[in-house]
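Given below, in the form of structure tokens, are the structures.
Each of the next two complexes has subunit A plus one other chain: subunit B in the first, subunit C in the second.
On to the complex of A and B.
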């Protein structure tokens, strides 16, 4: 299961200046309490005063500590083995965390390194691609600053992508396997006798696992619904469409699904609906085997029949 | 001020990868039964429920709401949650009892680190502007700290991480007038505080763990790396006579700190000690710390 989102954050005056500096190949620190901090602090941690002064520091510095990353993880600055390091840049008093692209045998505390700038800079700590060893005399940085857009950076975008292995519980597994055969299975709580679909690891009333399988029909009643009018990333159906809570006949809890096959304005509480399954060859262990629900063409259910399940 | 005591504790086994779901239900159901059995409480006797867990670790939204299923929360319960180790949920429950609103509280934490890659997930706890976008993993950060201490002569052992585990823990708190009914030898909370460090600190100092704890017989500390037990002993001023116990079998994220408090309380319950320290932390460099002193009466 992949989960991803591009976090867009506003920067405020101090970090905005820092990020704008990075686009231009310059590193800024904050001066407070007689020290220069890189990256700059927005507030001095002792006096609690906002940062008043930013000063430029060198892009060359000294390694304060380092650790070796033999097998880099996705998203890290380098995909080949590298060193994480705390680097005190010349002109700064506190160290910056970044990556050094250098062989393991060359790594040592006190080594001199220089920022290696990314070709494309956008106002991010990643505008420094990594640091490199300073072997001989310092290489002057011939960087065409005018090539970069130097407007003030007010936002920074951080793409976050994570992957997870979702484990279905034993109860969910029975439900999903039945769906692959075109059946809907609920389970009954051994204590309160209510039928849950999907079945639960614990009955929310009694805190015990649901046990006995109950086969349910693919016909039910809309207990409540909403009309989705707002487009959003990843949307599969064109708005407006209806998302409804459908109480399958014989179940004690509704489950939510799409309702199509009639104008959204016709959908109402008590409406009887029937599942529309995808073609059998597309079935997997997923509730998406049901493409949507559509009006069943039956008279509406009496309010009393579902009042308890709202 | 009201007195509050720890009167019950249970924890699940620490496993590398539980086959259960990331909402913790399968780990929680048995330990709820165990701790309610030990204290003789029923579900209805618990006035307040408070949990600690992380949706980032679980990879699902509102995983703590699904976890409430394990309680059997009908009729509706008085419930809260912190997106932190459950030691901080215990702090909330302690406050709730102090206010006089409730007399008993059940605190639980759960984490299924094996659902995702905690080495990447935990990068998102860090500064979101200038650190998290680099995706530094906890072992690498602790490695930077470890080398500094090595070169400063603070320790000589290699970096030793406590492996991530899946697990859950639960603690029951009770007010002064209830504790004696639930436990023969309650562990009274005589002090509990938590602090967070400023963004800027020297990596070998842990200012937020600098508490004057006085004489204790046993200290249960929550350090994700073994060398950090040395830093903690220094900041907490623990003398040579104090038995310092850390994480050993594994680090069940979001449950481990609460389990330190529960384990410390068990030393009082079982008569092994009269004054003990429990410590919980958050972050690979001990960026946040909580201390709790437990005493027999």
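On to the complex of A and C.
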């Protein structure tokens, strides 16, 4: 599964100045207690006062330490093998972490490197594309600073995208495989005899393994629900929709599903509903094989039959 | 032998939808600097720092306490991170208090924050494993069905949710730090606001806020004559988010935490003995629900206290005189704000929203799917 968001990072005065400097091809550090920190610290590490003084340092520096990235990963500064390095820029006392584009055999502690500026700069540490050996031909050095917009960078966008492989437990696997066959599987706790759907492998009340599979019908009762009218980023079902807790007959815990087939205003607690399955050829190992639940056309369940599930 | 702990300073930010002027560290420092001024202490006085915030997915920074360590004055000192979802602010206060009660430290700084504007909480709270239906709709989508169940169980009239919203938003207008300050809000305007997660309306819902709260706690010896809010009792309880027979309306963990809290504080009749309470009410209907869960009212009767005005400032048990979560919700900080506001009340430092003569106050928070509960009682008397 994919999870991602373009985070909007408020920078505050010190880091805003740093990012604004990068757009202009300048690197700023903070001065405190006779030391210059790059990137600048927001608060003096000794006095804990907000940083008062920013100073420009050189975009040329010395490698303090490094390690080799033989197989770059997607999203890293370079797609060819490169070095991650701690670089102490001239005029700074603390090293900056960045990438160096140089052959492995040329890499050494003490080597002199210079920032290679990105063509398009937006107020991000990536405005420095990477560092290059100083003997290397440097076109970016003669870049015209005025060509870049010099407005204050009070915010930077940090896209973060994660890709997960979800490993299903044995119980989840049986549940999902049964769904692919149009069946719903739950599990019964050997101690309290409660039936859980989806099955969990352990009873949350008794803490014992649940081993007995129980096949459940695709009809049940709406215990409670809400009507979602709010749109939001990443939403996968278009509002308005009825998000209901459906207690399948024979189960002891409701599960969440969508209710269609009648106006949302007609949905009520105690309403009897039946699963509407997608066409068989669309079935996969997913609860979405059940497209939604719809009114079963039966009289409502008595409140007492589901009151303990609220 | 347990040492007594007391709050000697409280600070908070001006809460807002987006505090674009500060970084996360800057946001925390705004609250910390106010708390330390309020407590009249310097950095050398602080022995340890405890930081709380809700899920890291909200800001997309894993373990922000690492990068903020020097900014929040933790360099060279113990720094603990607390993580109990929405209740985390309360748990942060309790962890800080326990570091003093145990005799380990004399003065501890507790700080909690959220910078919700860095992402979108509804997105962050609606990510589910692939074997569940993609129906999640943030906290509102989770809690609205339980509010419907409360209304059905208690027979509460539908205007109770709107009454709480009006009270809290007007209280917020008395609080200079509140995100929403709405002195002119009315029952009619709340009831005319859009239905977001039926039965919950827009104006019956908390805002999404950037904000932080900090408190300075001290041992009895370190109070040194300062005005203090003495910690009389603390309690935390947890239960599974989902299990067969879970009472979502009146969760067992909350009930048992409250019973333990009252017992520890020597309180036999909370309604009579507590002067004001700051409780975690992100949706207005949770005021009557938690009044019952906390033992201020019998099950099914919490709404009656709201309806007759007992929970308004000037009533017998003012609830959320600060405006509460309904006015400011920097999630991770919201619990510590409840704990800190309770302390401000018994210290007589709540300004325009001060409850006259408040001596004993409750701070309360909950989090997850009504899974974590944390609460404390503070008193003006040692």
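In this text, the second predicted complex is superposed on the first by the 302 of 310 C-alpha atoms of A that agree within 3 Å, B and C clash if a C-alpha of one lies under 4 Å from a C-alpha of the other, contacts with A are read in each partner's own complex, and residues count from 1 in each chain.
Everything that follows uses one rule, which is that contacts are C-beta pairs under 8 Å (C-beta built on N, C-alpha and C of every residue); 3 or more make two chains touch, one makes a residue touch a chain.
Remember, predicted model here, so these are calculated numbers, not experimental data.
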item: Which of subunit B and subunit C A:194 touches, first, second, both or neither; value: second
item: Which of subunit B and subunit C A:252 touches, first, second, both or neither; value: second
item: Which superposed partner A:41 touches (first subunit B, second subunit C, both, neither); value: both
item: Which superposed partner A:94 touches (first subunit B, second subunit C, both, neither); value: first
item: Touched partner set for A:204, first subunit B, second subunit C, both or neither; value: both
item: Partner chain in contact with A:234 - subunit B first, subunit C second, else both or neither; value: second
item: First, second, both or neither for A:158, with subunit B first and subunit C second; value: both
item: First, second, both or neither for A:310, with subunit B first and subunit C second; value: second
item: Touching partner for A:68 - first (subunit B), second (subunit C), both, neither; value: first
item: Residues of subunit A that lie at the interface with subunit B and also at the interface with subunit C; value: 1, 3, 7, 9, 11, 15, 41, 45, 158, 160, 166, 168, 172, 204-205
item: Touching residues (chain side subunit A, partner subunit B) in the complex; value: 1, 3, 7, 9, 11, 15, 18, 37, 39, 41, 45, 64-69, 73-77, 84-86, 94, 97-99, 109, 124-126, 156, 158, 160, 162-169, 172, 200-209
item: Footprint of subunit A on subunit C - complex, ascending; value: 18-26, 29, 43, 59-60, 70-71, 73, 75, 115, 117-120, 122-124, 126-127, 129-135, 137-138, 140-141, 144-146, 148-149, 152-153, 194-200, 210, 240, 242-245, 247-249
item: Of all residues in subunit A, those that touch subunit C in their complex; value: 1, 3, 5, 7-15, 41-43, 45, 48, 50, 154-155, 158, 160, 166, 168, 172, 175-176, 192, 194-196, 198, 204-205, 223-230, 232-237, 239, 241, 243-245, 252-253, 256-258, 264, 269, 286-288, 303, 307-310
item: Complex interface listing, subunit B residues touching subunit A; value: 19-23, 25-26, 29, 32, 43, 56, 58-60, 68-74, 114-117, 119-121, 123-124, 128-137, 139-141, 143-148, 151, 198-201, 203
